[in-house]
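Some structures are shown below for you to check.
After this come two complexes, each holding chain A, first together with chain B and then together with chain C.
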Partner chain A sequence: MAAPMLRWVGRGRLWTFARVDGGSCHRRGAPTGSTSNRIRGQSSVAQQPLYTTQKPRKGEHKWAAVVGLEIHAQISSNSKLFSGSQVRFSAPPNSLVSFFDASLPGTLPVLNRRCVEAAVMTGLALNCHINKKSLFDRKHYFYADLPAGYQITQQRLPIAVNGSLTYGVCAGKKQSQVIPKTVRIKQIQLEQDSGKSLHDDLRSQTLIDLNRAGVGLLEVVLEPDLSCGEEAAAAVRELQLILQALGTSQANMAEGQLRVDANISVHHPGEPLGVRTEVKNLNSIRFLAKAIDYEIQRQIDELENGGEILNETRSFHHQLGCTMSMRDKEGKQDYRFMPEPNLPPLVLYDATSLPAGADPQQVINIDQIRETLPELPRVTRERLVQQYGMLLEHSFTLLNEVGLLEFFQNVIKETRAEPKKVTSWVLNTFLGYLKQQNLAVSESPVTPSALAELLDLLDSRTISSAAAKQVFEELWKGEGKTPGQIVSEKQLELMEDRGSLEQLCHSVMEAHPQVVMDLKEGNPRAINKLIGLVRKATQSRADPAMIKEILEKKLSS
Partner chain B sequence: MWSRLVSLGLRAPVGGRQGFTSKVDPQGSGRITVQVIEHLERLALVDFGSREAVARLEKAIAFADRLRAVDTDGVEPMESVLEDRCLYLRSDNVVEGNCADELLQNSHRVVEEYFVAPPGNISLPKLDEQEPFPHS
Partner chain C sequence: MLGRTLREVSAALKQGQITPTELCQKCLSLIKKTKFLNAYITVSEEVALKQAEESEKRYKNGQSLGDLDGIPVAVKDNFSTSGIETTCASNMLKGYIPPYNATVVQKLLDQGALLMGKTNLDEFAMGSGSTDGVFGPVKNPWSYSKQYREKRKQNPHSKNEDSDWLITGGSSGGSAAAVSAFTCYAALGSDTGGSTRNPAAHCGLVGFKPSYGLVSRHGLIPLVNSMDVPGILTRCVDDAAIVLGALAGPDPKDSTTVHDPINKPFMLPSLADVSKLCIGIPKEYLVPELSSEVRSLWSKAADLFESEGAKVLEVSLPHTSYSIVCYHVLCTSEVASNMARFDGLQYGHRCDIDVSTEAMYAATRREGFNDVVRGRILSGNFFLLKENYENYFVKAQKVRRLIANDFVNAFNSGVDVLLTPTTLSEAVPYLEFIKEDNRTRSAQDDIFTQAVNMAGLPAVSIPVALSNQGLPIGLQFIGRAFCDQQLLTVAKWFEKQVQFPVIQLQELMDDCSAVLENEKLASVSLKQ
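Right after this comes the complex of A and B.
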């Protein structure tokens, strides 16, 4: 389950940047000079180290890290990229495999229209230039889960190029400010997925399931504009939200629908880029950030000890929290790219170039696709801020937590209470309870209707806010009672009777003459003690503002 | 085909495209080194068993090199003889699959509906370590 990403990852990571340019990762793009002082202060705070490092030596140069990501997203379609077999997460082994997927001789690829549309939608959402003509190539390498011995991809001329992805990084003292950052997108290409290998070390064999072989993938290549794990995680999270909003991929990392490889190198600012390593086997956003930060630090340590970085592939081991070399006997791969001879160029059209009288099934109109793009996360957030007057940070949290936005909108629909109240209750109280018990929104014992009813009671001043919190705690037990029932059972209604409240205030004042003396002698804060005593006496059933008003009237009389 | 090349002569080349570079013998001297043969054998799993095979490869490259005699400045490369054809777009419907039994019959070894493969790639031994083995 994804934690509110932006809040979690930032904390506890800062100490690693004590030696990486004094926290340049966060400082970059900071709006004013004053923030850099705050950040510098943060990075010198000693946090509990996860692993040992050396103390910085005197006169040491600063380091900057460069991170590039290659993201593979499985296209959400009924059938595969070049064949008509089904795309499904789990099924009996080799049951979703056609003759083409098994690479039997004489079979030919036939391009799936839906996959092309998905690629165009994604390209448009990421501000890419869509190539009206793109080409397919073969990338050759031998592996048992690639029956053809090559993968059909788009190396020379991909379907979309030169885009950008804007994401938000938490900064500021309380991680409450969101700083927008952008990473450039080099290209988006269509390619085939490979099958799955299950390694049976005991019997020294590998079992191959080709169900996944031939499934359409979108490879999104990011330029190396990222500089740390937190940025990478935030960028990937935003891409995930975009793909899910578009419906082009379910982008679930745990199910392998979104896979990320990171290319990482370090260098001194102003000097040429260092040797990069590729880190694979990152199957959650959390591990992605961890692995990148570990690798950056490992490279820094290695270079500072006079060692060198090898251009190799490394795998992240999450139990140990480190990357390890996947050294292959084969050495550097030569993929021998060649044009795919069985596929003509892919030609796309727009409103102006659309040939007259063309079969609509056989042509793809970029302009038409652009018009039907759904609302993107960035726009959704802006709309939430405009419509409900919430802070940008709040909108990030609402979108980052799976199902939270829907929950919020359902509560808004059913309650009379002000949107700001709803925002506060959903993001603070509701989300707080979820986090404490490590639950997803879907597992919540409190339904949107229940919370809406509770907020109505609060809004109509039937109960006080302290009482409301009590009711919420009762609701969380999930015993099926409505807020109204709980209120009457526990007699939490606000005292309406001013007369009896005045009597109570009077008796409290009589019982505590020292406090009254204190107040009369000019200690204004003593009134809070009185208010507290009255509240206790009323079992939180009185409005504190009214209590204060009555007490003040009594004291002045 | 020749007249077509002539008529395209004045078209400007497409910028920024990655062409495929030739790794074998960029100088054009016609000799293939032992390292290149080893590299090719590993990549393509082809066995250049004899000196004659290598000579045949060298002749093939020399034959293809004759293309360099043509002046292709300003001519857009042809990627595919299908370039004037329309790429057919299939509707996203499930029409194939569910033939595991048939497919598994092709495999020498099968375990519970999985194909069985060796545990990872077996790298080709180096040229001097190679033993002569029968060609099937």
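Right after this comes the complex of A and C.
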């Protein structure tokens, strides 16, 4: 028994993972082509892609996966949820710990107003109903980094319920079409983060850092409306963008500000849901998608081979790319929930219920928070499409890359070039270079101003687009030269002098009589070769249209 | 001087009849002499003397901080005191020195009070006798009073006098004994189900439980957060009002304190007459277990009010009989939760076992808690299990609401204050008391006091008279929520009518010499 990890290796399951990955929904070449067609164009939450077995032995066994997410977002606040300790990532261990955080006897929680506001903002942005009265509960379990022996959370009556999150998944030939989808949000609750345990196996001891203990978390619980890793990844990415736009969480997964647990089960459509597993330890969006797809396929394989799925917690192993049973707790945990007696009910107000003469410092007005909500990613994308005439998928790309939208907007501000031109340069050339070198926008050697100047030169027909590419390449070297300097140093200006261009055309024609002959004999495509040759002679500085015109004139004369 | 009330000694300090240091030294010496009472767990002699010195400077410069400046006080050992060991009378917290003061302690110190020490209690305040702490039981000073001794001499059945000492009641028995034996002028107790009023009744003191939310719980090591209130033990009602005035008010560190403006300071008018008052007598409090003496005093008290023109009404609190079992479920559930933090990791006791974290938790908690605490944790966890939660915890919460509504209904019927017994009888001898287990005792002894905590109301026990045995008997007044001042005003009037006798401890001092192996006693006047 035990060691399920070894069992799979024995059966060689790990090697089947590549196929599992390829089989996830919406991907081209998925073995379930007909299924993904069915999905296309739907935004329904009920729609789920179907999985086929790897070895379709007993007829047509179709599987559907059901995925729900629990997302913990660390609230961006100066101090913790119930204490005055500072919140800071990577501070020296145990340097941000108040008496309450260490659970000294007699200490009491005091709710942080900022955290409540962040929860209300997030709830509103996710179309939730904000509960005017919510309650806090204690959830008990013994763990070294949970000094009180319980976590304060909102189990019975959370601050926000019944919302929805609309996100987009890529589909179509080049994954370039964006299909909107919606996942329902069950609830958003305020709760405390735990500390961190560092296990020193060598000395068999555990070191505790309580800096994180008591930091405010928003737990966002999604209904199980998702059906594959890609959907989950897209939904989480959208949530991340929303949180960042609101400023309620930095939502950086690598720093643990956004943590995702996935509940996964598979079943035959029309039959009851299967036993679910919970996959933890998903600290990047890429791993989230991988882990979910792996787990779905593992469950299908397990069931296909006559096995059963255990209701267990599994952890995703990044290196091996698989999920493994955590085997942490013997039997079921009973958290023995109890109302937190030290915190009165959290009461929020709106414009109609606000008591007259209430001290604004003592009350939270939902309507007032609603008025101050910033532009949400969905609206930003719509605006980009309308304002700059770009495709929806381009707007997705602009928002999904950290800092790209800002870069784009800065270029737009400084250039006379057409927005479509800017979009194309930013998304194709600029982003292409970044991706190639695996750089973030903030690490780019090309500034928005430099790109704007370059696009101006192009727009004023000072340089050709070929020359512009050359200038961009020079800029990427990061030597501090402006596009103007590069153009003049390399003599990349467009040849505006018609006389010398005519001369050049003439000599090229003379030098290639065979091509001229071809043309005259009725091969119209031969002119392209001549154009190419002339361009080469001009070092791409001449406008191809003008070259063509001169050549045609000469040939017909 | 030591036998005076807080108000009297405060006046003496202001008039320069005595200095804070002299007063402090007198109290310290009496603490030493009465060490056998086991009232104190820690005597903070150095701290107190230093505070006295500072107080003395203030008096010299005419910058007294008020009525409490230079007044020796004691604090139950379940309030956090910065730099002073705070044990809750448990192995679990032996050696634990908190880095902060409870808000109530800080407020006393800010008013210039002298902290004499930390007083004994039942472990984590779980008990009604002050007999179940790791430092041993507290002895009731009345065991050594002239009044009790004389009555005992008349009783042919009394044999072994030394082992026949009485309990103080509890769980704030140390605080009660400390005030009763004149080692300080006021003491803080805590009151979850009667823990301040019960020992006050047994020790002939005023024991006041303020409205829930009036006084901060920050720094009070909790028993039941939703019922705990810091309690005040003094020799008279006026003293309790002075201390309440220093303690009451919202605390940003305790979100359950109320912000509504409260009349401060708590100056109590002297009621000229009670003809506009309506006193309620809850009929359910007339239980068969009530001793005939207490019963007769209770009815005499009602007669007194009536004869002075007050309206006295029988009222019904129909859910009273469910109070004990309801309290049991709620108390143990919160205890199970509150005790979860004592795991040996951050502070307090840690066992030697280091096989695994879980094994360390288990052994630490087994070694650190006594049977009573462990038993309550076990019950509480049972009630909180998912399968039991609805049947026990939620039901108990509903019953609690009914009990609270009983009081609301009684007060809505025009009653100003309720008059009830505080305890079933006077204090019993220790040997008698321990014949029953802690649980049975707590259930019996809290019967008149517990419901008040579930409703969050203010209540005060006032010493009324001595029993046939020469022991104090107290009666309880219960007021409307946040009508603490009205409640104390009525209590003050009653106190004046009954003229409860002062404890005569001269005999104790003589006996003391035997108990303390002939230690030489300084002569102190213990009589007013």
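Points worth noting:
As a working rule, the second predicted complex is superposed on the first by the 501 of 557 C-alpha atoms of A that agree within 3 Å, B and C clash if a C-alpha of one lies under 4 Å from a C-alpha of the other, contacts with A are read in each partner's own complex, and residues count from 1 in each chain.
Definition applied: a residue touches a chain if its C-beta (ideal position, glycine included) is under 8 Å from a C-beta of that chain, and two chains touch if they have at least 3 such contacts.
All values derive from a computational prediction rather than experimental measurement.
Once chain A of one complex is fitted onto chain A of the other, the partner contacts of A:Asp334 extend to both chain B and chain C. When both complexes are overlaid on chain A, the residue A:Leu310 reaches neither chain B nor chain C.
In the superposition on chain A, no contact is made by A:Met326 with either chain B or chain C.
Residue contacts after overlaying the shared chain place A:Gln155 against chain B, while chain C stays out of touching range.
After overlaying the two complexes on the shared chain, residue contacts for A:Val379 are found with neither chain B nor chain C. Comparing chain B with chain C, more residues of chain A are touched by B.
Shared-chain residue A:Ile208: touches chain B and chain C both.
Once the two complexes are laid over each other on the shared chain, residue contacts for A:Ala440 go to neither chain B nor chain C. Looking at the shared chain after the overlay, A:Gln86 reaches chain B, while chain C stays out of its contact range.
Look at A:Leu96: by the touch rule set out above, it reaches chain B but stays clear of chain C. Taken together, the two structures place residues 99, 102, 104, 110-111, 140, 142, 144, 206, 208, 334, 336-338, 341, 343-344, 362 of chain A in contact with chain B in one case and with chain C in the other.
Chain A contributes residues 77-79, 83-86, 92-100, 102, 104, 110-116, 135, 140, 142-144, 155-157, 197-201, 204-210, 329-330, 334, 336-339, 341, 343-347, 361-362, 364 to its touches with chain B in the complex. Residue ranges of chain B in contact with chain A, taken from their complex: 17-20, 23, 39, 42-45, 79-80, 82-100, 103-104, 106, 109, 111-121, 123. The touching residues of chain A, counted against chain C in their complex, run 99, 102-111, 138, 140, 142, 144, 147-150, 206, 208, 334-338, 341-344, 362. Those residues of chain C that touch chain A in the complex are listed here as 79-80, 86, 88, 93, 96, 98-100, 102, 217-222, 224-226, 252-256, 259, 333-334, 336-337, 339-343, 345-347, 357-358, 361, 381, 384-386, 389, 393.
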